[in-house]
Amino acid sequence: MSHLQTENLTYIYGAGTPFKITALDNININIEKGDFVAIIGHTGSGKSTLVQHLNGLLKPTDGKIFLDGENIHQSKSKLFDTRYRVGLCFQYPEYQLFESTVYKDIAFGPTNMGLSVTEIDERVRKAAKYVGIPDEMLSKSPFDLSGGEKRRVAIAGVISMEPEILILDEPTSGLDPMGREQILDLIKNYRETTGNTVIIVSHSMDDVARFATKVIVMNDAKVDLTGTVDDIFENSTHLQDIGLSVPQITEVFIKLREKGYPVSEKVYTVEQGYNELKRLFEGSVNND
Amino acid sequence: MAIIKFENVTFRYESDEEGVVLAPAVKDFSLSIEKGEFVAILGHNGSGKSTLAKLANGLLLPEKGRVLVDGMDTINEEDDIKIKQTVGVVFQNPDNQIVATIVEEDVAFGPENLGIEPTEIRRRVDNALKTVGMYEYRKHGPHKLSGGQKQRVAIAGIIAMEPRCIILDEPTAMLDPIGRRDVMNAIKRLNRELGITVVFITHYMEEAVEADRIVVMDDSRLVMDGTPKEVFADADKIRSIGLDVPQTCQLADMLRNDGIKLKNDLLSIDELVENIDDLLKGQ
Amino acid sequence: MIKDITLGQYFPMNSVVHKLDPRLKLLFVTSFIVMVFLSNNFISLAFCFLVTALVIAISKIPLKTVLKGLKPIILIVVITSILQIAYNDGGITLVDVWKIKITSGGVLTAVFMALRISLLIVMSTMLTYTTSPTSLTNGLDRIFAPFKKIGLDFHTITMIMTIALRFIPTLIEEVDKIMSAQKSRGANFEQGSIIKRAKALIPLFIPLLFNSIRRAYELANAMTCRCYNGGQGKTTMNALKFSKRDYLGLLAVILVIISIILLNIYCGEYNAEFTFGLAI
């Protein structure tokens, strides 16, 4: 049985008005326990709308969402339960910080869950550790932190609910290369330590190609492709066509293929590119 | 004469707390930007690069040293409007730069403040919107546009003041790939077709390589200054200050170490592909 | 709910009404509002109704969009009408059960009031639908320019209006986003006592406040970079100049006002019994 599943999920904004927009069109996805899923799509492809359905924030116009086989809209309590079990961290989450201290902000979720003080304390410290926020920072005001720190505090605010599935919408947007690496590393570590399911939403294959076990490509309110990273990169030209960025290295190999060289379609890291080109150069030497 | 000249500039922000003195955001910084140049300023967050944008048109004033805009010292208040008209600044968040509720009325905001004749404003607004490819959206409300479109409107709002230099402070940081590409194209057009001096602050390497010159900031200071090829040739130094080297450079580096005779000034994807193609054909 | 408010929204179309000078439109709407209040019989009110219909037709704005503007005030109209029915006991008694007495006078006054309010709202909505906020503020700026001599600076006020209008959609979007984010962390905005609900708004308002301050700061910087100095020596791209069309418009406005005044004088105050008789 799959962990999280959608069945013919459809969502229409402004249904019944002349301005209606189909944001999701008959989406069927399956996510297994422990998956590291990347949902890729350009702005407006429906990817953010999709994840807001997965934790029950938005109610589908049509279709169902199942968490461990149970419909999340079955009852009100089930729905609240889902919000805690499927943690969703929004884009630019630092703009939602509000408490007087970092500690209290991270504790907001667990407090809403009605946990005991000791349990909350344990979770806050654990979450802070996952995102690399040192103890002495917990008593600071979140508004005094740097941009990257704020982002990590905000992510901790979702992790502290200890969700079985952690969803992050564009977690690296607006960050510089170092900040981006930090966030991706902490997500990777979090997943390895907890074994929890993680879903990352992004418009760049760059961020996720190295980690994802499963990729869902969205385009025009529909699921365009699903598969492993390798499967997806077999269609790298198609990714560019639908407005997604692929790693620079992938572009190099797309162009080499266009020139007629027999190089692999599944190149997305510098190492892969290096091996592939070495093969090519040695091959041509041998042929001579 | 340089269009912008930083002479030994030091600047620090005031702390909210009393008695606390913050470390300088920019320290002993000297740089001369010539007319018509396309300069990229690279640096990670907090390196002081955004402060430069505000110092360059008198939005902030240096604590030590001076900033000259076309020979005018930014400290002289009587030149303030002239300085701001000479050096326009576009910021990161497009939402917080658009004042009016209609695209063309927003673009007209700058020239209107300068007291320019209505017919001339009309001409400038139309031209500016055409330059950034937003002319057909001139009657739209800005809130209905995408991030990349809003940013191009913000750029048009600056072009309409007909500045000789435009500074863009991470204009693509909040955009998706399509938005970034469109904004990048508009910026290149400003420099290549209109001859406007462009100072482009970014942390995206792929974008920085488009410039004629790259200035690297680290820890409030200038640490590197040269053509993209010169700067990226020192990959280790770039990486040591927390920045990336374009993947093409990394790849070429690795292959060269194996004795494959790739040129050592390859930056763009096309250059690398061409060079590989040449080598393979030659063999 | 917040999305239903259409007053202050602009609906761009290519029509004569859109092109008219904002000063003329401001003059017209102000005098129209006065005229509607002065209308004391169904004939002059019917005339006002006709004028409104004509304006809508010429503006090319879909009727449905115009009527949407009435949605948020339906409650006000209904309450006013009920009060009128309850307190007015002139004319023929229609219903008299237990303590409820409905008279033809009450019903007519209620209908009259409802029509009046609707006309006011529709015409004001038409003003903002057909005039961009910037052009509207330009108009206000010019109308109030003479007051500057006596120390009243309206430019600042109109600038604030423009910025407010510009940022309303942005803030609505932001409220929506912060609410969703806090809901994802278990915040509950819908249930509980009033105090509990008020408390639940803190996680919404604090970030909203901080973000707005940041926005204001960035906007101020951007405006300074675009040489804004409080409107001194400012020109306008779409400089307001009365064209032939505007003079024709002015003529029409004057004719409408005169007609309403004449209708008021010659048709007299409405007589509940008489009008009701006519209606039957």
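Observations on the structure shown:
For reference, chains read A, B and C in written order, and residue numbers begin at 1 within each chain.
Just so we're on the same page, a contact is a pair of C-beta atoms (placed from the backbone, for glycine too) under 8 Å apart; a residue touches a chain by one contact, two chains touch by 3 or more.
In this text, all values refer to a predicted model and were calculated from it rather than measured experimentally.
The interface with the greater number of C-beta contacts, when B-C is set against A-C, is B-C.
Among the other chains, C has the CA centre that is most remote from the centre of subunit B.
A separation of 30 Å divides the Cα centre of subunit A from that of subunit B. Centroids built from CA atoms put subunit C at 44 Å from subunit A.
Note for the complex: subunit C touches subunit A at residues 177-178, 180-188, 202-203, 206-207, 210-211. Subunit B meets subunit C in the complex at residues 54, 57, 59, 81, 84-85, 88-89, 91, 93, 95-102, 104-105, 108-118, 121-122, 125, 139-143, 154, 157-158, 161. By the touch criterion given at the top, residues 10, 12, 132-135, 162-163, 165-166, 169-170, 173, 214-215, 218-219, 221-229, 233-239 of subunit C touch subunit B in their complex.
Of all residues in subunit A, those touching subunit C in their complex are 52, 55, 57, 80, 83-84, 87-90, 93, 95-98, 108-109, 112-113, 143, 157-158, 161. The part of subunit A that touches subunit B in the complex is made up of residues 42-44, 146-148, 173-179, 203-204, 243-245, 247-249, 251-252, 255-256, 259, 261, 270, 273-274, 277-278, 280-281, 284-285, 288.
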